[in-house]
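Should a chain be cited, it is by its letter among A, B, C and D, assigned in written order, with residues numbered from 1 in that chain.
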Amino acid sequence: MVEAPVEDKRITLKEAVKLVPDGSHLFWGGFGFQRPPMAFAHELVRQNKRNLTIYTCGSEMDIDILSGAKVVSRFELAFYAIEGIGLVPNIQRRIREGVIEIEDYSNLAMALRFLGGALGVPFMPLKSMLGTDLLAKKRFRSKKAEVIECPFTGEKVVLVPSVRPDFSIVHAPRVDREGNVQIDGIKGEDVEGARAGKKVIVLAEEIVDSEFIRSQPDQTVIPNIYVTHVVECPWGSYPMMVYNYYDYDMEHVRMYYDQCKTEEGWQKYCEEYITGVNDCVEFLQKIGIDRLMKLRAKKPFPY
Amino acid sequence: MTKKYAEPEEFTTLELMAVCGSRQIKNGEVVFIGTGLPLIAAMLAKKTHAPRAKIVYEAGFIDSNAKDIALSIADSRLGYRASAAIGLIETLGLMLQGGHVDVGFVGAAQIDEYGNINTTYIGSFENPTVRLPGSGGGNDIVSSAKRFVVIMMHEKRKMVKKLDYLTSPGFLDGPGAREKAGLMGDGPSLVVTNLCQMDFDPDTKRIRLATAHPGVSVQQVLENSGFDLIVPKNVQTTELPTPEELTLLRAIDPSGIYIPRAK
Amino acid sequence: MVEAPVEDKRITLKEAVKLVPDGSHLFWGGFGFQRPPMAFAHELVRQNKRNLTIYTCGSEMDIDILSGAKVVSRFELAFYAIEGIGLVPNIQRRIREGVIEIEDYSNLAMALRFLGGALGVPFMPLKSMLGTDLLAKKRFRSKKAEVIECPFTGEKVVLVPSVRPDFSIVHAPRVDREGNVQIDGIKGEDVEGARAGKKVIVLAEEIVDSEFIRSQPDQTVIPNIYVTHVVECPWGSYPMMVYNYYDYDMEHVRMYYDQCKTEEGWQKYCEEYITGVNDCVEFLQKIGIDRLMKLRAKKPFPY
Amino acid sequence: MTKKYAEPEEFTTLELMAVCGSRQIKNGEVVFIGTGLPLIAAMLAKKTHAPRAKIVYEAGFIDSNAKDIALSIADSRLGYRASAAIGLIETLGLMLQGGHVDVGFVGAAQIDEYGNINTTYIGSFENPTVRLPGSGGGNDIVSSAKRFVVIMMHEKRKMVKKLDYLTSPGFLDGPGAREKAGLMGDGPSLVVTNLCQMDFDPDTKRIRLATAHPGVSVQQVLENSGFDLIVPKNVQTTELPTPEELTLLRAIDPSGIYIPRAK
């Protein structure tokens, strides 16, 4: 009898980012302040990636950083801003400069586009966007959405095209080295987005033993079969939050926001916190262990 | 027992707006909420007349009972004593588009006289002067919630004849237009601003002054509106907050994140 | 400050079944040997319900009982048999008698029909059933499925009509009295099926305190908002199984199968175990506490 | 190290069929399985040449490592040391239709010479003499798995010219037909019976004798087939089980639930 050797999908953050060629299409995980793949964004900037297309429902400081550094040239999304603070400053500037284009959908439309990609069908039906400029106006897609009459009821239904990006990038609390992912709290659109990707890179706060995952299989939200690579990346969403792990650091976020109102301010931030450090560990060192420890979630609260 | 209202000088306009929003929530209703004032309004409703209201946030928090103010609709604070924490397909798809949401709350950068909303571009689509946050779940909420409430500031450049971009459907171009477009929800029920409350004429589906806030004249509302507004003969004053509501409101947002203390 | 009174949706099994008028359309939960609403089936027989239409992916002894007792006249489904034993005996007989009609789909088609109903869209796209008699032949639906060309890719896609039954019947391990449901192990198609129903009746092994549910909201698979009524119904899937709770009783299932090969045998079983007992408790008494206790799941195994 | 095979009298036909099935699974592959012989075959593969094979059951068990034999594809036994336990939309939709399944295993009541399968009706659709279990996930599996293997008994009434009902697509009516119909999987790769293994001619997509089981003549296969079967010049004997495989097989199903002990 042969014992199954456990598959080991672990690689480093630097290795993971090296796998993403310029021009790739990426599903970008996390939602709002929750679990953005911030460390991955930083490393994309450090490795000077170009011309990425990003698909996401809504993201905030993470995609603003990617826009500031001109890593991304196209977005298909529903929302961005820094909630509670204001409009994302770098994206505003890059749009005015004409180096970033956005195709607008609603959040449900984007989530369904990921679900459709994950389900292996070329479109999904939707009852939003009807009657609006989200349907009437498009930016760069040859076909953005189609309205059909339902063959069963005659009612109008929007079809939105499914998305199968080259890579899906998800930041999770826990994963084992085979790639079984557990996510506490809300999942946003990560369940569907992870399954839509041709390759899937999971960054996680911690890598846990497979037997732990297998003792509670109904807690697994992304099974290993979908996952290509696994990266251990503690505090990888800082200064945003991870449910049950840590809170956001609004002081840092506000500092970012204020500083990025000007191009010079953004360049300074980028140099100080991203390109001026060697890796994600050096970035956290710069933030300081005392500051991080204060942000840890305080049980029974998930923040 | 007669209701005792606070005096106008005892509350701020933002507090009045939160109370107005709160009163749009009936007990037992399923309420779809973004952050900001609607979040405060829903938390207040649960502590007053609508303890069984179920608050849903699109990021995945369902029947939330947060004790602390959240900055993001994906904020872990909203998970405290929630009955479920799932994701967007659940909230916007199964719950909202599935027909289970009674009332949605949204904001607007521009609104027109049919209650259509712009949250995407200011200026032209081709060369916008400002790129706003976009639809997010806004389009989905107003498409499928049984009714929806808009909370926004009352300025001439925001109350417009023609939107720069139609992100989220009100009554589109009038009676029957939502049905013809295939939309499921019944459309906007109320717009709450810092000057007044506006509803929609049932026949024409055009926006109509409902109540003016204390100290605000009809003239003042008209001067701050870029669209034509139906003005009924008798415009009543907005129902004022009760002292209890104000006390609860200040306990909900003690550090004044959404409702600064200073008047 | 007013404390929210907890909504109490509890009713008895008899009350729940009374709510279902003759001719109703039902989503029928459970999958294979896992969590069939057996106690609900028994009570439907006891209350002599007629002309039900049942929608399910696949069910076994439970829907055979409903067929034997002529409670159901139509099924839309993908599968029935008693796995590991043989064909369902009563359904065979009732089909030959012409009192039961079946519209055949595949399992994925049925699951997507429930997902479509739950999502509030009139159809869902599918890449199964193409080229087969599942598409070519239909029994009683005016439209069973439609093939369209995808407006984005040109490929052929099957559209299957969504289902919104009058009632969804689900048997779960745990629920609170507000209707928040937790299901251990596999969910089959119950997540989608529960959300598709206009009214939802959840039967559960145990009713737990709401604070227990609210201390782990990411474990809730059916939130209270979807649920109309809650019925406490321990051993409600016996002689089939509930993950983490109890194993199946194959001896009883085999006895059922052998006896139901003849109409007389079925009538005898029905009288002895269903119509001849007053309620689900009396049924369990008849089975015997010693027999039930032996079937309890033995940790760490879920069976 | 040369492989040592068991003698034909040391194993039963069902054991040989299970071993044949097992060998169709490559290490690391994602395998979609029903109950019965395929379940045993997959468990054997994981214990021999394919320890990293991931077994998926449509009820929702993913990467199952069951230690006890399951009677139902929804059997809790399959949850033991699985990496996930979800539901049908996950397994049949996201995983299978999503393109992640390498090989599926199905049974058949009837099969035709293009590998099309009937599991629904015997007799006419209007007045069937027997109502079989139906598609279940069978149609979904053979529609979307990259390839699929059929395991069934070899009888003239089962190997037919024309199916009573086409439940699940093989190559339909020949080359190009699956693509034209819009199907995603590549179709059947092998049929394992109690007499032989059959594959499909790459040009005509018609069924072809691949190997005959020990002691079975080509004539015997033809006599038990209701369809025309391509018979190549040299038909080899099916590769026999190894003693190790037989030992493991008997440990997997010690009480003979799927493979009775008596020959």
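As a convention for this text, a contact is a pair of C-beta atoms (placed from the backbone, for glycine too) under 8 Å apart; a residue touches a chain by one contact, two chains touch by 3 or more.
Here the structure is a predicted model, which means the values were calculated and not measured.
Enquirer: Farthest chain from chain D, going by the mean of C-alpha atoms per chain?
Expert: B
Enquirer: I'd like to verify one number: the distance from the centre of chain A to the centre of chain C, where each centre is the average of its C-alpha atoms, in whole angstrom.
Expert: Distance between chain centres, rounded to whole Å: 37 Å.
Enquirer: What is the distance in Å between the mean C-alpha positions of chain B and chain D?
Expert: It comes to 58 Å between the two C-alpha centres.
Enquirer: Roughly how far is chain A from chain D, going centre to centre by Cα mean, in whole Å?
Expert: Spacing between the chain centres: roughly 40 Å.
Enquirer: For chain C, write out the residues touching at least two other chains, lowest number first.
Expert: Residue numbers touching two or more other chains: 119-121, 126-127, 155, 157, 185-186, 215, 217-218.
Enquirer: Can you list the chain D residues in contact with two or more other chains?
Expert: Each of 61, 79, 85-86, 93, 97, 144, 184 in chain D touches at least two other chains.
Enquirer: Edges wherever two chains touch, nodes for the chains themselves; is that graph a line, a ring, a star, complete, or other here?
Expert: other
Enquirer: Please give all chain pairs that are in touch with each other.
Expert: Here the touching pairs of chains are A-B, A-C, A-D, B-C, C-D.
Enquirer: What residues on chain D touch chain A, complex-wise?
Expert: 28, 30, 46-48, 51-52, 54, 56, 61-63, 65, 79, 81-86, 93-95, 97-100, 144, 184, 248
Enquirer: Show me the residue ranges of chain C that touch chain D in the complex, using the header's touch definition.
Expert: The contact residues of chain C facing chain D are 31-34, 57-58, 60, 77-81, 83-84, 87, 91-92, 95, 102, 104-109, 111-112, 115, 126-134, 136-137, 147, 155-157, 185-192, 241, 243-244, 247-248, 250, 297, 301-303.
Enquirer: Applying the document's contact rule, which stretches of chain D touch chain C when the two form their complex?
Expert: 35-36, 58-61, 68, 71-77, 79-80, 85-89, 92-93, 96-97, 116, 120, 125, 128, 130-140, 143-144, 165-169, 172, 177-178, 181-184, 257
Enquirer: Name, in rising order, each residue of chain A that touches chain C in their complex.
Expert: 116, 119-127, 143, 146, 148, 150-153, 155, 157, 159, 161, 183-186, 215, 217-218, 300
Enquirer: Write out the stretch or stretches of chain A touching chain D in their complex.
Expert: Residue list for chain A touching chain D: 1-5, 7, 118-121, 178, 180, 195, 210-211, 213-214, 217-218, 220, 223-226.
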